[in-house]
């Protein structure tokens, strides 16, 4: 076990996976010489050379499209989209192409492609850099969506992503890159997809979150504990596949639930979580499931983003209301 | 980082690597905290003003000046030959070695404790975030859990005298002189001005001290300052009180004293009119902290300004002394780490390395009275001390202030040789709640200056041995 | 200018000190030689001390009520000054370095009392850690010096420390006076009681009540009291303690403690009986250590001693911990029958109400007899109803026939 | 002085070998042998026959919407004949049936695709094809990645990617060409300029005089070829494939041809195609041209033609019979190959669907 940042965990995992399997390669904008704008791929070029660590033209569709071709040729591309906010420039290669190539080819072309994409607010970026777009990708069957919240999960989920044959959108919380530190196991972290993590146990309320919102939920839970409200925090880890039974069990145990996410409320993945609870834990509920999300506005400029991204106090207030409801 | 403020997690952030800052960092590390220490000068800044350009170099200079002066004075006491000439250039090299050794030691301690040291200018951007602008490279954003503000203070400039570092100097420049000036004017007769003036005079400079108030060392009791005043006169230092420095013109400091205008010939003008806390450029408003009068940060006994934010040293009220910062550092680190801690000394010793030295701790008699205490006072002249006579410095006295009915010591005030060392005993006695009797019954070695405290205690009990009282 | 320091002369014969009664001049005053300056009082007389020369008073080195040693400076006279001149107030802005200003030393209690608080730094830190206000302690050391032991014993009996994260920075003070209710913090013993009662309430407990003919018990008490005489103040309680111990011997598992965290329970072979005691501070339960070894007189004395110590809050830690069973003698303050709450982690408690006359069937005919109500509560996790019933039966039997105690082994 | 802009590119002449009347250009040497030409012609005839059969079946409700090759047979077959199916790859759009057949795709598989049967995507192992691509130009970045990957894997395979004049307006066309140029990927972009994107004429797609000229902007050659000239297309693509295999990078080949007929079975070209223009392209029919040439060389005659037609007919009929005899796909196939394994959620959905009464 070593304590490290999210970013360091990602970098180390990429290095380990590339060393383990020479089919694994890294491509994207500024990933080679610069080592990534956030240094996630720092040092990989030196270790693995220009054929396996490749600076790409500024063309998201080409990066994803080429990854499809590389996978068809038998490689395991780990492509970096510099920001998830720019993924729309490649969306037509992700949803209708990458996600369904295995299906289209009836299994002839599985797509072991990992798309790494930093995202998330609170870091004062210019426009289009911070958007939490995860829900927009959920409707692309065949695509798996991993959203780690901790360094250990960043490693474990990235290992799992690289080592299996289906495409993965691997969303990395920008804000957590250097901020979130934690123990990372040596060797295989063994974090399967579709199995949520109980970040904190609690009895009065279950807070469901993923990625950077997990830390927000945990901090809220700490505050709630001071008010003698015992809040469990679930880290979904992957949205697709979704740990339905994990959610249902946890919510049934507390009878109350609050979903926190950074994306706008309407059509956000929180709605899917609540629908899942509706399907599997409705009769255990003691209060309506609440949501703390971004408002239905465009992602705002930096000076007002703190009003947009769910803050600890908003989560605390919603939790109080849910517990009292 | 091309875009965005990708913050790094910091557990305990300490701003400023002076005595307060590095001590807080080390104590924090001892408590198991992951400590990041930010200083404008990075590793080079470790030690702060005190170790690098303040107390330590100043004491080295005073030592040199004193040595030279006493050597000259000893011609009648058993030494012959010409007094050695001062060589400040050599002194500066010597000083660099001392400072390097001391700061190097601290750097080693910090490394050993796993403290991360970052160089750059820090500003707070949010209640839990700060940005550090290194001298080169992109800014770094630190998101911290707890912070200790230990940014210290800087000399206050006088608008009338533009600091140029060549003629108009501050104390830092003065300690970096590589030649002894023939003439110097010192503006401000506080402890820095008096110390520098004394040292320069002993090195051969013709010194004039210009003070706006009516006497030197205005913040100390007049009786403490009196022997120093006399000594300055003996050293040929001109002290102009009730005088205001107006300008520097044609090699002279223009001084208004009452209705008179004087030209004080001065190769160098040293401005020592006080220090100002470094709290103005820290973005404290973003941190949610508002400095009080004079830029000082209001703190509680645990040195917290607000939860998770502590301030220590010169940025808080009280004497701007390294040992105060040092003591507060531990309190702040402990309080931020969830321990109960309070800065609660009975006395903070204060020392002026004047000639003779002044050292004081605890309450003066009038302060004690203001506290509602009944006091007894005992004051014994240094002339009664044999060791002082052998040093050739019989000026000064030792005064004890004690509670009348219990005899518990409230204040110890010493003017005389080695007063700076002596005061530690007084501090200990006060902190332990010792009485004059305790002190009188404690055997002190003879012949030492230290036994003078025993004598003062005996006098208080009405049974002096060596002094008639 | 020439400063003349006037020191306290020996105005008597061999006097060491004098107290300042009154200053007759103030700083800045012009005085003439031989003008009275200060009135002092020695052990022998009150005298006025005159100025030694003409001059201006520069400073007064002592204040009224100070005791000054012979030889100590009393005042300073500037004999070179001819005109009266007040000391100009130093200009705070840019006159001189503000440091080292003499630090205001913290003298706890100085503002309120006139006594210096004597406590070493280690003691002060300990007080801080334990949340003890030193100014409220009387030290046992020389001159009232507070020792670490003083602090520790205050902590054991005094108010517990506030929460460690309680902010010490300034918080707005509550506005008093306008409220219709009196809101008070739950502190000290009351908080401890509240906590232990809350803990007691979490124990699932059952209570069995019994009314016992106390005729024999009262007779035994009367006989014993005449035997004991002045040796001790013998109440009914020592007898009840004896009875309880005998019943516990026959039902050992009632003399037990339970630890749910470890999921185990402990049967105690020694009998440390807690005696619930009402004090003006609140409920305190001193423990009769090894009560089974004490004679009736010993019990009586120990009960009195502990009760007194409880009321003066001078019980040691050992005297309030380690109980294996508790007796609540609520009859002593008039209660007829009540439900005692199990004093966790003990598993049972016996309550004795006030003896009163009641009509009982005696040999088939109604008779008026003194009746002692007994209520025993037990932790139902460990003690089943029949077990409790068995214990209460034994207890009732022994109370109604104290002679049976003779058959009990010690 | 004002800046001087370079002149617009004028109309370049497409590379051609066989004249519309089947005459070999005087200075040309055929790049295909007579035997290869006979095979090529048979494949062109097969394509045309299948187009007719497909239309017929579609009108009977026995076939889905599909896009005929008619008019573009030389372009498709000529380019495909430049490849070695064992190592080279084809990345199709969707109007390249004869190329896919030559590369090894069973006709039945192709037909299943246009029957709306998921099994149509099942390209047999060893057949170097990506599936038909309905998303226009989306295949191009994939083709570049594939070519790059083949090279990274140490092979010398070349990728031939088909695209049309309409799809060349897509952003993916630009991104793919740009990337291919940067990587010097072994890929040949065969841009079949058939004049139409459904009803939108070539002139509405680009102001460039030729689409081949765009290659200059990507740093590799662009070649204009007579797309109705089998030998010309083959010669040009052969040369491009050779370059790619030798590590000289990509080539853009604009094959100037014409869609004789509808965009697909749902289209009615009479609404937008000018009759005169259509007739002029009939006169330049790619099949006639090769047949005339081979007949002139004594390599083809009406008897042989009849045998070939008969062979084609029976092969098509056989394929129709085979696919129509296959059991239809059902709910199970809905969930096949979505991923390596079904998620619990997908598994439950599958079970729920299978449990519905109409499913049984």
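Chains: A, B, C and D, in written order; residue numbering restarts at 1 for each.
By our rule, a residue touches a chain if its C-beta (ideal position, glycine included) is under 8 Å from a C-beta of that chain, and two chains touch if they have at least 3 such contacts.
Since we're looking at a predicted model, the values are computed, not measured.
Colleague: With chain A set aside and the rest fixed in place, how do the remaining chains group by touching?
Modeller: Apart from chain A, the chains cluster as B, C | D.
Colleague: Average the CA atoms of each chain to get its centre, and name the chain whose centre is farthest from that of chain A.
Modeller: The most distant chain relative to chain A turns out to be C.
Colleague: Ranked by contacting C-beta pairs, which pair of chains comes out on top?
Modeller: Maximum number of inter-chain contact pairs occurs for B-C.
Colleague: Of all the chains shown, whose C-alpha centre falls nearest the centre of every protein C-alpha atom combined?
Modeller: Located nearest the centre of all protein C-alpha atoms is chain A.
Colleague: Whole-Å distance, chain C centre to chain D centre, using C-alpha means?
Modeller: Comparing mean C-alpha positions, chain D is 98 Å from chain C.
Colleague: Rounded to a whole Å, what is the gap between the Cα centroids of chain B and chain D?
Modeller: About 88 Å, centre to centre.
Colleague: Please tell me the distance, in whole Å, between the geometric centres of chain A and chain D computed from their C-alpha atoms.
Modeller: A distance of 40 Å separates the two centres.
Colleague: Counting only Cα atoms for the centres, state how far chain A is from chain C in Å.
Modeller: That gives a centre separation of 58 Å.
Colleague: Touch graph of the chains shown: is it line, ring, star, complete or other?
Modeller: Shape of the chain contacts: a line, open at both ends.
Colleague: Per the touch rule above, enumerate the chain pairs that touch, sorted by label.
Modeller: According to the stated criterion, the contacting chain pairs are A-B, A-D, B-C.
Colleague: Would you mind writing out the residues of chain B in touch with chain C in their complex?
Modeller: Residues 156, 158, 188-193, 211-214, 216-223, 226, 242, 272-275, 298-302, 304-307, 318-321, 324, 335, 338-342, 344-348, 350-352, 360-367, 369, 371-380, 403-404, 406-408, 410-411, 430-433, 435, 459-464, 467-469.
Colleague: Which of the residues in chain D come into contact with chain A in the complex?
Modeller: Touching chain A from chain D are residues 91, 118-119, 121-123, 125, 130-131, 135, 138, 140-150, 152-153, 171-172, 175-176, 178-179, 182, 336-340, 343-345.
Colleague: Once bound in the complex, which stretches of chain A touch chain B?
Modeller: Answer in residue numbers: 5, 30, 37-38, 123-126, 129-130, 174-175, 177-181.
Colleague: Could you pull out which chain B residues touch chain A in their complex?
Modeller: 1-9, 143
Colleague: In the complex, go through chain C and note every residue touching chain B.
Modeller: 3, 7, 16-17, 58-59, 61-63, 65-73, 76, 87-88, 90-91, 94-108, 110-111, 113-116, 118-121, 124-125, 128-129, 131, 142-145, 161, 164-165, 167-170
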